[in-house]
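What follows is a structure written as structure tokens; I'll ask about it next.
Chains here go by letter, A, B, C and D, matching the order in which they are written, and residues are numbered from 1 within each.
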Amino acid sequence: MELSQTIPLLLGLAWLLPLASFAVIVLFGPRMGKSGVLSGHVATGAILTSAVLSLLALALWLEKHGVQEPQQPEHDSHGARRMSTVRRVTHVAENEPEHADEFADGPADRPRGIQPLFGSWYSLGTFGSEGASRFPPLRVEIGYYIDTLTICMFAMVGVIATCIHFYSLAYMHEELDDVTDHEVTLPDGHHLHRPGRFPRFFQYLSLFCFSMLGLVIAGNLAMVFVFWELVGICSYLLIGFYYERKSASTAANKAFIVNRVGDFGMIIGMMALWGSLGTFTFGGPDGVFALVRPASQKHHLVVPDGMVRAAARDQIAAGVAPTSTQINAWRQDGYGYGLLVIAGLGVFCGCVGKSAQFPLHVWLPDAMEGPTPVSALIHAATMVAAGVYLVGRFFPVLTPEVLLVIAYIGGITLFIAATIAITATDIKRVLAYSTVSQLGLMMLSLGIGGWLAGLYHLFTHAFFKALLFLCSGSVIHACHTNEMPRMGGLRKKMPWTAYTMLIGCLAISGVGIPGFLGLSGFYSKDAILAQAFSFADSSGHTLLLVAATAGAAITSFYMFRLWYMTFAGSPRDKHIYEHAHESPSVMYLPLVILAVFAVGVAWTMPLTPLSLENLLEQARPKGAQSAGQIWTDLTIPEEHASHEFHDQATLAATAMWVIGILLATAFYGVRSLDPEDVRVQFAKLYSFVRHKWWFDEIYAVLFVQPVLLLSRAAAGIDRRWIDWLVDRSAGWTVGVSRVDDAIDRWFVDGLVDRIANSTYSLGLALRGWQSGRLRRYVMWIVVGTVGLFVLISWFLELAVAGS
Amino acid sequence: MEPINWHTFFFLLFSLVACAFAVAVLISTNIVRMAFYLTLSLGATSGLFFLAGADFVGAMQLLIYVGGTLVLLIFGVMLTAQGPFISMKTAGGEWVLATIVGGALLALLLQTAFSVNDWHGPAAATPSHFGAREASSDPLTQPFTPATETASVRTASVTRGAKPAGEPSPWSEEAPRTATRLGMGLLGARVDLLEQHDDTLRHGMSGYLLPFEIVSVHLLVVLVGAAYLARAKRRARN
Amino acid sequence: MAEFLALYLPSWLAYLVAGLVHCALLLLIPFAGAMFFVWVERKVSARIQDRLGPTRVGGRFGWLQLLADGLKLINKEDVMPKDADALLFRMAPYVSFCASFTALLALPFSQGWVPQHMNVGVFFILAVLGLEVFGVILGGYSSASKWSLFGAMREAAQVVSYEVPLGLCVVVPVMIAGSMDLVTIASMQAGLFTNWFIFHDPFTFITFWVYFTCAVASVNRAPFDLAEAESELVAGFHTEYSGFRWLAFYMAEYGSMFAVSGLAAILFFGGWNGPLPVAELLRLTHDTGPVAGYLGNLLGLFNFVFKCVAGVTVMIWVRWTLPRLRIDQVLKTCLKYCTPLAAGAFLGAAVWTLYLPGGVGLRSRPYVEVLERAPQNARQPSTSAAPDRIAAKPQPILRAGGINPPE
Amino acid sequence: MNLLSQPVGLSHYLVVGAVLFVAGVACMATKRNALGVLLGIELVLNGANVNFVAFSSSWLRSDSQFAMGLEGHLVALFVIVLAAAEAAVALAITLNFYNNHATIDVDRADELQG
């Protein structure tokens, strides 16, 4: 089969398999094996298969397209550095001549073009008809848009999800039989005792995998939105998995509602797109990308005609003919640019909600109420990254202004979350906040034009954060508490977990030896930092640079704080320490696998250009960054330009992680400094950060209370006025019905009775024929037949004779 | 002497058996024997089907009717086989009545059967059809024996030329594979109509997929219903 | 043969004679077959029970024992219960016998050596074998004995319910072959033994075993012989029978055993095609000439009969190995195990044939070849027994399947 | 011999069908035994089947282009199958009747008469 059919087929299968397992588990879940234990295996098998399929697709893709050498200008300094690193096996000499033309015509039409595969599997419906408006009819399709990014995402999601499924098999085992939930106390003082929900868990997981993959492979914005909501609902269901716990159900609702806020923005963005362009599809000649960055314009950002016309509708209404020249004139005047910005911002709003960016980041930490594998899969590796992914996917449409907004939102998020993570003591919350801040980092990087860097970090982060979460899960599994202060010294008890987690921490702190080798985080972070440097350099937004750098430091600090508090030192809670134990192998083997990925996912396969970075490079959207039209002095630097800053980026990153780790070691490792002192020293600051910057409280005051008040008022009105009205009308109705009743009794009934009586007497008359003699009936049938035949033939003769 | 037309011979044989045992069913009073006679009658009828070239229907008749239905009936017979019910006399008056009415019906049917001239058999052919007639009647004069197919049928089928290949007698080489065609027909593909050169006839003929489905569902329902009734009765007993 | 005779006799006589000869040949199977199998059964059961079995009569292996049995049975007095339904009582054994004998009528014994070639052969055999139960029921009913009645009822219940999985199993090879014509089916499995349908795919493999079980049940042999459960019903439906009528029942039983084994051999084991295509290798086909073809057919005949005898022997073996089931167990076996298994296998085989039409990789040659070879075969004027030109009919699906308009 | 040498035609089949049919009808009309009535029904259906098959075979009639072709066979098949179903249900009903009234005399099944 031709590759362009094979790949969608493979990915489509990989996408649908979890759905199948979901269906199976929904139907037969509890009946599969003893209390549904098989459902776990079904789900695991499904996701394993789709992971294999995705990897197969990746292999096919590589085998078709290969991987180009990264084609960025090499400066001798980097040249030396590159030569010495394993990452890039390229030669300065070869790349030297390329500079000139590259800088000449910009990256727009660099021969990076691997055409993405796009198409439609199934059309859900077509709204509007051809030629009814100036738009093509809106086709809501199940389509696909596959480029290297998609395939990599598939592989990543597949692998991680598989690991996590295996892990969950063991982690959720107590759900197999009845569970006594010690966190729920019933009114009668006992703890809640409920049947296990093993199959339900895996059915949700499968549904989630299906939705996530669908979101990744989606070929148009509408489909993205659908699966966007699907992953939302999955996360809702899984956060509220222990829905008897008040905290869990509130957390689930919180996550759901907060996400709705974001999705509202997203819907606005979609409306802006649809209302002006009349299409949702990404790919294709009339797809969004092609409209915004037409190849004719060397893929530069161009406000599409549709938006221009939409903006200039008054003139058109006034009778100005929208000829192409006129439209160009309008475009020069900046018509429709606002729409583009709105579209970008709207879509980004969705991403803000989904990947917990600054105003809406509050849900993610609470989402940790869900089972740990869920936190690992959904709230660390995949779903929350979906926002970043969507920004990356939508990158071509985003104007510099939007990008700047994104960058700042990301920066703020990064910083806030990082600070909160320092003081959090709940092991999962620490990780949650670190997730938030890492997502902020990615957003920031995307916002400052570091497309590759951002997505690069998305991948590496997915691996080590999933690893970290699973480790924390195994810790919690071992000591049945989330509170780090009650742990400590677990290193000896659970070596596997401890050291895999150590690897995770190193990876996330971006540890590496500059110029030689590093863990995955190292590469992605210094790519981001480099971009931040170049951005700060080109357009003096230094704050972002500071945020990114500081963030890096804080990250490594709290990660090691976490590790030391959990594994190092002496046990603080004897009881817990006694009962702690290493998790079963099915739990720590995934850890090992993920650890391997966390270390090596960013490495280059020796002697080949094959590396994650170069892979993503293939998917980089065409088109150069243009200057903003609203903030005209704003230009997002090209990413390839950031390589001259690689040195200071690397240095900064290294310095940051060194500082962070040293601090953490000082505070929690060797305890030469006492955190308590600091806490006392900055009591106000501490409580401020400890209370998560009072976000929840502020929101409570700003939004929740007003809504409550409003609803109370509404209830009052309801009771006082509407009820009164209803009672009255009821009274009237009674009166009317009395009259009606009389009419009914006298006229209608009289009529009906008469008919009934006559029918009855007729029946009495006819019943004599009903002899009940079967054979008599047969006789009559035969007689009737003969008679009929005779009659008919006779009449026929008559007719013939008559004619 | 002119050769025996074995088709006729076997036709007479089977039809006699069928009719005779049908009448036997009618006049016998012992219910078990009636069932037995019915078996023979149906068997003979399936023989007639084979003769008429409907081999699949014939086999079906044997399998389902004779095999299934009658076993079922005999079941009933035996379940209710108690002295008084084995043979229940019918009043003479009803006999008379039945005879009259049945006779009328029979007369009617016979009259209809012989009313159409073209139905008297291939021999009663108008000369215009002669070639075709010769051809398609040829196999009939062939002695009836398994898979006898002498040159005459060949030539016949050749001379027939335009005529669809579905026509020759059921025992010749080009015997219509009714099984396959019926199968395809039940699946909605009327492969036999590909040979139907007469558009007016091909027109409006379609597959039988829907009836097939309906019948299968109907069967299911019937089975469930029968099972239910059977169970209900047992509950009624105790 | 008929044509040959027709040269010398008036045609009707010729065909009569031919038919009679065919019948005589076929009658050998129930008669001689029954005797032989009785002897085999005795010997096998003896061996299984660590005895010697008949040894005296006629030399070492007691090979004359069978003759002695036959004579004894024929000489026995023919008794009939007083208030039996005479007509049915007399009829019953012959009904059974005719059924199982007629089943042999459609069985191709070798390349084209088939008494009555019909293209719904499988169906026909199933149908006719199904009729055998009538004799049993009538016999059981008419002999006015409660044992017989019980036996008959059990038999009826059992056979009626076992028709279903049996039919399902038979449908599987039919589906693979795309024809209900036994000759076509068998000639499709020509070549190496890997072409046999039992090796066509895992499902057919399962199907065969289910088929065999159901076949054993439908000819009511142990462990399914509830109709004549000696321990409970004196002798089941033939309690009241003796002498030749009893012998008829007996022959019917062995005849139908032979028939179902033959059906199995054709459907699953390539019919007259040996494990190695010896006949083809030695060019013993009708392409080389009538005599060679005749020899090839003899070889085929040997193959086929060998397979049938093997099948029957296995049945005997089973009978003397397994204990008898209870009636509820019998029905449970049918409804809970055989039917679902058969249905599943049918489904699987359907899917398999849909996606891997060639069957598993071991096929020494694809069906297509058979199909291509078939028409020339059919065209060849052959001089030996009539039906062999129909030996390899093209797969009807290809011909009449509406995929390609008829020539 | 003349009789035997004549090829039979559609009419002959129809005659057989008619005889079966009438026999069945008469059976239904005369038998008091419910099962007898069932047998009659089978006969009737069978007669109808004979007609169908006869009409569908094209070499029994001189106007062979008017043969029903497969239609007849298919209808016959449906008739057979439905007859089987009908027999099952009717039998079940009969047994029920038998168990409730301890008789299978259809003349006794007249509780619904007027």
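The rule is simple: a residue touches a chain if its C-beta (ideal position, glycine included) is under 8 Å from a C-beta of that chain, and two chains touch if they have at least 3 such contacts.
Please read all numbers here as calculations on a predicted model, not as lab measurements.
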Which chain pair shares more contacting C-beta pairs: A-D, or A-B?
-> A-D
Whose C-alpha centre lies nearest the centre of all protein C-alpha atoms?
-> A
The distance between the C-alpha centres of chain A and chain B, rounded to whole Å, is 67
Mean-CA-position distance for chain C and chain A (Å) = 65
For chain C and chain D, let me know how many angstrom lie between their CA-based centres, rounded off.
-> 32
Residues of chain A that touch two or more other chains: which are they?
-> 775, 779, 782
Give me the residues of chain B that touch two or more other chains.
-> 3-4, 56, 60, 68, 70, 72, 75, 77, 94, 97-98, 101-102, 105, 181, 190, 192
Which parts of chain C, given as residue numbers and ranges, touch two or more other chains?
-> none
Residues of chain B defined as touching chain A within the complex = 94, 97-98, 101-102, 104-105, 108
Okay, in this complex, where on chain C does chain B touch?
-> 2-3, 6, 11-12, 14-15, 18-19, 85, 87-88, 91, 114-120, 123-124, 126-128, 130-131, 133-134, 137-138, 141-142, 149, 152-153, 156, 159-160, 163, 178-180, 378, 386-387, 389-390, 396-397, 399-402, 405-407
Which of the residues in chain D end up touching chain B in this complex?
-> 1, 3-27, 29-33, 35-36, 38-40, 42-43, 46, 49-50, 53-54, 56-66, 69-74, 76-78, 80-89, 91-96, 98-100, 103-105
Using the touch rule from the top, collect the residues of chain A that touch chain D in their complex.
-> 766-775, 778-779, 782
Residue ranges of chain A touching chain B (in the complex, touch as defined) = 775, 779, 782-783, 785-786, 789-790
